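The first chain written gets the first letter, and so on, giving A, B, C and D; residue counts start at 1 in each chain.
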Amino acid sequence: MGMVGGGKDAFIGAVHRIAANMDGLIELAAGALSINPEIAKESGKMLFLPEDRTYLTYEEMIKKESELPADKRIDFVTIVTPNFAHFAPAMMALDHGFHVVIEKPITFTLEEAKQLKQKVEETGLILALTHTYSGYPMVKQARAMVQGGELGKIRKVWVEYPQGWLSKLSEREGNAQAAWRTDPKKSGKSGCMGDIGTHAAHLAEYITGNKITHLCADLNVMVAGRALDDDGNVLLKFDNGASGVLMASQVAAGEENALKIRVYGEKGGLEWQQHEPNTLLVKWLEAPTQILRAGAGYTDRLSSYATHNCRTPGGHPEGYLEAFGNIYRNFALTLGARIDGTQPTKEMLDFPTVEDGIRGMAFIDNVVASSTSDVKWTAYQA
Amino acid sequence: MGMVGGGKDAFIGAVHRIAANMDGLIELAAGALSINPEIAKESGKMLFLPEDRTYLTYEEMIKKESELPADKRIDFVTIVTPNFAHFAPAMMALDHGFHVVIEKPITFTLEEAKQLKQKVEETGLILALTHTYSGYPMVKQARAMVQGGELGKIRKVWVEYPQGWLSKLSEREGNAQAAWRTDPKKSGKSGCMGDIGTHAAHLAEYITGNKITHLCADLNVMVAGRALDDDGNVLLKFDNGASGVLMASQVAAGEENALKIRVYGEKGGLEWQQHEPNTLLVKWLEAPTQILRAGAGYTDRLSSYATHNCRTPGGHPEGYLEAFGNIYRNFALTLGARIDGTQPTKEMLDFPTVEDGIRGMAFIDNVVASSTSDVKWTAYQA
Amino acid sequence: MGMVGGGKDAFIGAVHRIAANMDGLIELAAGALSINPEIAKESGKMLFLPEDRTYLTYEEMIKKESELPADKRIDFVTIVTPNFAHFAPAMMALDHGFHVVIEKPITFTLEEAKQLKQKVEETGLILALTHTYSGYPMVKQARAMVQGGELGKIRKVWVEYPQGWLSKLSEREGNAQAAWRTDPKKSGKSGCMGDIGTHAAHLAEYITGNKITHLCADLNVMVAGRALDDDGNVLLKFDNGASGVLMASQVAAGEENALKIRVYGEKGGLEWQQHEPNTLLVKWLEAPTQILRAGAGYTDRLSSYATHNCRTPGGHPEGYLEAFGNIYRNFALTLGARIDGTQPTKEMLDFPTVEDGIRGMAFIDNVVASSTSDVKWTAYQA
Amino acid sequence: MGMVGGGKDAFIGAVHRIAANMDGLIELAAGALSINPEIAKESGKMLFLPEDRTYLTYEEMIKKESELPADKRIDFVTIVTPNFAHFAPAMMALDHGFHVVIEKPITFTLEEAKQLKQKVEETGLILALTHTYSGYPMVKQARAMVQGGELGKIRKVWVEYPQGWLSKLSEREGNAQAAWRTDPKKSGKSGCMGDIGTHAAHLAEYITGNKITHLCADLNVMVAGRALDDDGNVLLKFDNGASGVLMASQVAAGEENALKIRVYGEKGGLEWQQHEPNTLLVKWLEAPTQILRAGAGYTDRLSSYATHNCRTPGGHPEGYLEAFGNIYRNFALTLGARIDGTQPTKEMLDFPTVEDGIRGMAFIDNVVASSTSDVKWTAYQA
């Protein structure tokens, strides 16, 4: 693995490394870890990278690595830079024959995402997008139960993602994370909806298997002086007739990272929340609610998608890093199968791809368009 | 107290009686308990009413009671009939000098509610509306904290009310509660929003002290064959600039009566849910979340509105019936003060009145108007 | 109902009145509310008692009431004085033909409890003991499930009752509740174990239907200067071979009234806690945990004992006062059946009696004996 | 790192590898992964070990690795075999100059543990013991708060560890985990207390900083035909006068791995449970309970021990594997500091050592001795 971005003090780069390390399948072998050469070098040293594979630019890394013998070079490039700097290294990596992992949102614009998709199709290479929350075993369990018809036809989807960390104008107080995430030049046309609303929308479509067809968005800038939305509420309609609500906020003071989804069908409902991710509540119309637990002994009740993505038995809580690790693990297993000439299982293939990336970019475009429209329903265009 | 409606097998009538009995301040002395004479008589007997005060119609009750000597007759009439049958007995009771308690929604139409308000003002009598959920001590605590500025300016209100009991077409299967509540002739122009959405809207305005100024509603009939909405999502704007979402559903299969509200301000947030009503979560932007508990020993931290409405020390859970009882108790204490010629305290006076009733009827009107409009925001008219 | 004790500012007297009022079956008709004549009179006035039935001593009340015509006098006496003052009024009430309700612990000594039992048997009158916590619907559900064999043979019982309100030497700081409860002359030979340990022991035996046969007690005085135990841990053995632990503490700083019980059998386990009393967790060895809820729609899954003791549908939380009310209600229904010459149902008859009172007094004796013994196991003597 | 034991299908070996991999500080470089040569080889291949470092016995591994040049050989040996096979490889590793990580309980007997301690002292090498649960950030927070006197003098410790996985005689049904853990020849003189009771005892002493001085144990074999205790309750006395209870069970049907501890002092209490490990409840005598969260923004409120052991901000749950990883990480950082000739920080040095191992073995001895004694209190001997 060669990493673009993620130098010391970057949050998400460290997360990617832990996630990639975890299962002993992937090794950090090269990096272009910062656009600041000093930081790039120090970070490489800190991470035990050899000096000759500690690159100063992604162009250098991709070029030099592609010139190494096949058994010495990296297999894939992982891109953990701010949003505006995803597209170019991803395109170059694919062009040089490297598979790609990208932090979400996939690109800066929908148009870039579409070009990337075309490139992936042309090259036949694998691209994984780290929509972390779909990596949780009990999210996969939820999806499997909906797909299996256990809830009957889905009527209502309710997804919420409150955070509080942007309750002040932190971007003016030296918070680097806040600075780029609220800067339209680095983050894109939406703040809160791009950063976390896309996770919520992805989760809703992933679990239900239904697509949003119409939406009605109310985006707000709650902190005076901020350049992008920091709060929003969106009404949703899905292709199967279900109604929905998506709430995302970064000014919900006192909240951490409280992603939660509820899905109701004719026969019952599901509830999952990220703060307690090993539990899935299954509510029945005419029977007691059940508490399904990741790794539990009643393996006949759990989907193969759930059990495949667990490392420990019930009661040994797995968390965010393991969910992240599941995306890397499935990506690596799929890659390994390709290298070995075998067929990856359906559970291995279950990670977000460029298609999800396009859905995410389209969600941002549609939400922003709706928020400035006086018409109630905006037809979702992808 | 003389009761209109609430014969045996009626749900809410029994609740009103327990709530009224609880504190030893009110006695059921007369009743016109059913439009069915047999049921009226049987119910009276079951409730230990004397035969001569077991009336067959509300007209008879109000007339005869008003002819009794002042120290023998009822002090007030409580009306627990279906929505369409609130207005007439309320007007007649006021006209005959009786105070009134009414189950919500106050009337069948906004117009009736306005007439009732005029009558209340003319007569100077007291009318209490049983918006139960505002009777909970920790709801009052939440209101007091917002009013006291502890959260700073409110930015976001999020209220949800999922129920699942109408997930099937129960109105066709002999469920009497379902039958009248889904019948436009008995319930009014909205089903779910009238029945429970009004509670949610009341709670949001009660706690924040802010008024809804605009809304954007998506009402749905999820169960084929149903005559009124059984599900809805509403975007809200408040007069202080806060944004909001109100979700109410009676087809959230597996949910009981899961009213919950979250309010976020500049400095922190509050979370309260009806299923665990003695707890109020107080979330701070830069300090640990606190768990405030009804009846707790740290009385300096609790509002006088909260402590006035508790009967037991912390850890002795009070519930729905006590919240209901608080409305009756405060109504009775206010009435008692008037009779004694004293001034009721501000805590006693804190119960819903005809003003809240008008707000509720207006909410129904506005939500229904918005739901059929293609324009995003409907200005709230009251 | 005639009440002994429970003047204004007494905690438990007010609870008894609310509990008795709640269902409209019982009326406070007479009282000897305090040994202080001024307080007795004021309290009577406050509670709307007629002056001629506001007595100054229980002797006066019992004597005068017994001389009233049968249809004018009270049916029963309820005794809510401190522990040392239960026995005499109870005996006198029974001797004069009145049924009795007593706050727990039933008497000051085991010997008194046995005499009371003999008197009850001689007179054929009804005595109810207010072990409140056994009045909760989901406690009754738990009992029914164990009795029905759903868990298989019970192996482990774990009951805990932490409170924090005696963490300081409050009895020296003007806290009247603390003063009598920590005074051996008023409370008896145990403090914490007598006050709340008895509730825990009752709950364990009530739910499992098994009797404690051996115990090993560690009682502590944690607050220097206190005359009675304020903390204790007890190992238990039950007659069916189950092992158990009982923990009770009044110096668990920060705890309210956190009674909780867990019972494990061969096939599964149950968990119930008083702070959230409408929920019963049912844990299965090889299937997901279920959340059983009081008043839920799946009535086939709930015991008739649970449904009989609910007043509202699921999601309308009932609490401590309703549990207390259930004891009064069942006592009153049983009494009513006797008066009507009918047979009370088994659900009506399910309230604590003098037998439970004897068990409670024996528990205190055995725990205190064990705590001063160097031998590990003390055989339980009743 | 060279691993002894942990071939494919072993539970704890895989956990050790993930924990060691996680932070990119440690690499699996050699292994003697099974006493079965076929499994040893297959496991080595599966884990990408080179063939020449896939050894068939630990003796071979330690000998051969010690003969490699200093910069090629492993730095330490990690031992993940069943209990009876810890001592010999640990002694041999130390004798050959390798640091050691051992799964708990440290040895088969207390005597062996003492010999190991002597060896550690002689060699000056580092030994880490994987008492996982003390690796959680909020456990470290709890310890820091107690040590800092925030709760005042500790009065009561209550630790529980219910599991249900041995509710049947699984050791006779082909469950390999159950087989060795219930076999006195492989597990030692205690089953449940050795396996999980030791974790509970360690947690109690670790958090409070107090030592158990007396105990009174009730050990049980609940499943007929089992050779070792599968359930137990222990009364505790601590050196500061606190009382305590330790409950551990492997027949608590329906429980997963529900380790929980509560500690109460004069001023407040703490509650932590492993199933939701990122939360620490802090209960105050006269103020609302606080919810402290791992990784939260209020870093001034969190101990440096807690923040040092977090990888992600609040709301990104870390779990069992991260707690495990913290032990490896701190061990590796301490080792790194020694190699670099620097002083490890106090936070790095905070991992369990041979001293904790001796405490654990002594706990087993004392609990078993007490359980067969008729005397109530057994003085703890170490």
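The criterion applied here is as follows: a contact is a pair of C-beta atoms (placed from the backbone, for glycine too) under 8 Å apart; a residue touches a chain by one contact, two chains touch by 3 or more.
Keep in mind it's a predicted model, so treat the numbers as computed, not measured.
Student: So which pair out of B-C, A-C or A-D basically repeats B-D, with more than half the contacts the same?
Tutor: Interface equivalent to B-D: A-C.
Student: Quick one: report the Å distance separating chain B from chain C, using the average Cα coordinate of each chain.
Tutor: The mean C-alpha positions of chain B and chain C differ by 34 Å.
Student: Hey, how far is the Cα centre of chain A from the one of chain C, in Å?
Tutor: A distance of 55 Å separates the two centres.
Student: Between chain A and chain B, what distance separates the C-alpha centroids? Give it in angstrom.
Tutor: 43
Student: Can you list the residues of chain A that touch 2 or more other chains?
Tutor: Residues 255, 282, 289, 293, 296-297.
Student: If each protein chain is taken as a node and each touching pair as an edge, is the resulting graph a line, ring, star, complete or other?
Tutor: Chain contacts: complete, every pair touches.
Student: Along chain C, where are the residues that touch chain D in the complex?
Tutor: 151, 155-156, 158, 160, 162, 164, 167-168, 216, 218, 220, 222, 231, 233, 235, 237, 243-245, 247, 249, 251-255, 262, 264-269, 282-285, 289, 373-377
Student: Report the residues of chain C in contact with chain B in the complex, numbered from low to high.
Tutor: Of all residues in chain C, those touching chain B are 11, 14-15, 17-18, 21-24, 28, 47-48, 163, 165, 255-258, 274-278, 293, 296-297, 311-322.
Student: Spell out the part of chain D that touches chain B in their complex, as residue ranges.
Tutor: Spelled out, the residues of chain D in touch with chain B are 282, 286-293, 296-298, 301.
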